[in-house]
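What follows is a set of notes on a single structure, which appears directly below.
Going by the order they are written in, the chains are A, B, C and D; count residues from 1 in each one.
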């Protein structure tokens, strides 16, 4: 049985470590905040200029001056700090953020990432995604394993030999969490991705059939 | 009769305009602050990270955390602000300071300035001088017209055809105030400096004999 | 009254606006945008503007208002997803668009204010963003050269400002405002509270007054784009 | 107690110091220098240091102490005029020296923290500082390319800091400290007052805690270099 969105977020949350500074993208990545283990201290960065992002406000307590990068109203924490966009991206570009979790349209075997543009469609812009993948120490992608063609209903693999959409970054992804399993990426080398986990009930055959990229399978999976 | 240090400072102060942001160097330039006309609002910048520099503190009220670029204890004003060295020089380099007044060892006819290094002597460093002359909108040099050779007592002109000391900046000086007179510099062009004022009692012959650079004489001086 | 203080947005922009000029406008989404100054630009009817702003407002609010009146010829932004009119004008060729990664945009603006004509960044290497730009290796990694951005006019929004133009921002409404204040030939600030000098602690100033040539106090709608809340337990 | 808080300077530098490392030290003159951490480096006996600091202290105080013990192999500074021992060691060839214009030094350090390997500046063009460096024209003016500076360790001094490493500086004691905090692989901060989280207003934080790995509270002599005063009327 494939993982739900929440289960995918929970799996991504296993990459967190005590003391980490983390940037979470919009969508499933945002859910990762719900799975920070009790007792673990993780500080969330919002690239519009905040460290120490708190939960959504109680109704009636929204503050127009306090939003996250998804433009949602949020709250502050006792250890929060605010800064300008230049300082925020100095932090990101300078390699001070430990982990970024974000969504993707496509990931290639070498860690290339496409998540901002579909040619021919109206383009909304890359926002901070290119800066995040270029600057953050570790990049985790959380995405559905396949896209569904809206016309034909056909499944289109998203973990590819090479991306065919315009890139957000080259050789930037370290780990891919999908609803079917988890792949580690050899972004600095020439090795294939390695399937290191399977969602419960998902077979190797199923995931192979739904993946365009060639990949190795971790020994631990054979043992299981 | 040649101008005193205070008279030189007072002459430099005539370059101030209401609303100016100004950086004053160490020595005679510091005295310029004493000649800001009453009713004129001038904000002094200190490149170690302050706008709105106030006068020296009263005895017993010195604050070790509040110094100017000459490391002297100073005070703040109601409209002061503090910032980092990076922000301070962003301000300077970015062309936001209207006027800088500083001392010099040598100035050349084209506006080249040497004021930081005598080869063979112990070198103290350029501090912020190179940034100031490169970034500030208008640069006024205040200096003795000649140096005195300590061994021979001979007078050595400081306004030269070309500097022979290592430069602080090329084509950066707009105006030179000495104890003998005032020269405007055509730093963006190929014209000679123009003598625009003479200290009282100083003759054209005297200033010519003490100046290596060729210079024009403003018509207003003939009229006088 | 200080010479920097103007009675309202229209007065503060008098003599500054002209067709085809480049304007930087602070804010992220609708957070920290100079509402009054945008309204005054709309009122002025000035046309052919190049607007540098992280976003383009929403339909009918923020910079969206200047799209309605077709005053904008070109936007330099990182994300314009919340604006249907924008899409329409862009697809019909009425509006030019230059996308910058958000961090590159922020740094280009800072560079403009700081006198740095170009710098190198890893962001965008190997993507459309780097096409036609100089690439260079440093310590074995590839970087792309990006140039500064400056503007004829910067309009920014702060929480408090004093009569000398010292500004402090509130929470995430700071965003692009401090850099834009540095990068405008003329910078006009609007604040929620205009205070006397001596009110703001000099250690708390975010934008020193040197960067602000004109300042007004205004009232602000401060519309919320995505009102997200949680339930009380 | 937060994991960032250490009992004293010696403890905070344990496991961090090694011979021949590069250390950035905050401060301008004797203003805003990390007195306790400098003393702990002296105590450690670590040698062959490259020290990046605007100044070199004075004889017997500040970084001057590390010159006495000959622990410094190279200084990167903009001005070292107040230190006789420095002159002696430099002229005898014991000490290497790299002068940077103060603004270039500050910007190189910021670039190191901000992931910018190189940038262009007008400062120093046509002088010794630009020799051997790449020159380039932008908009008809000549600029020189300068590279980033980073350090194995940055030691900084703030006024207040909380247990998460959020720092605020006081008056002109801010100077080089914020950029150095960004540019150190490890940054250790010493503060006059260590406070609990929630004490510092998030809008007033100068250095966000992400840049500070270790923090101590210390007492500070805060020696004044040039005591200048005026008479009461």
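Please note the rule applied: a contact is a pair of C-beta atoms (placed from the backbone, for glycine too) under 8 Å apart; a residue touches a chain by one contact, two chains touch by 3 or more.
Keep in mind the model is a prediction, meaning the values are calculated, not measured.
Of all chains, A has its CA centroid at the greatest distance from the CA centroid of subunit D. Annotation: 36 Å between the Cα-based centres of subunit B and subunit C.
If you average the Cα atoms of subunit A and of subunit C, the two centres end up 29 Å apart. Inter-chain spacing, taken between the CA centroids of subunit A and subunit B, is 56 Å.
Counting partner chains per residue, subunit C shows two or more touched chains at residues 107, 110, 114-116, 121-122, 169-171, 202-203. The set of subunit A residues touching two or more other chains comprises 76, 82-83, 89-90, 92-93, 135.
If the chains shown are joined wherever they touch, the resulting network has some other arrangement, not a path, ring, star or complete graph.
Applying the touch criterion to all chain pairs gives A-C, A-D, B-C, B-D, C-D.
Taken together, the subunit B residues at the contact with subunit C in this complex read 18-19, 21, 41, 43, 45, 51-52, 76, 78-83, 89-97, 135.
Those residues of subunit A that touch subunit C in the complex are listed here as 46-50, 55-59, 61-68, 70-74, 76, 82-86, 88-90, 92-93, 112, 117, 122-131, 134-135, 166-170. For subunit C in complex with subunit A, the touching residues are 28-32, 54, 77-82, 87, 90-91, 99, 101-107, 109-110, 121-129, 159, 169-179, 206, 222-232.
Interface residues of subunit D facing subunit A in the complex, by the touch rule stated above, are 3, 110, 112-116, 162, 164, 166, 182, 196-198, 202-203, 205, 208-211. Chain contact summary for the complex, subunit C toward subunit D: residues 107, 111, 114-122, 136, 138-139, 143, 147, 168-171, 202-204.
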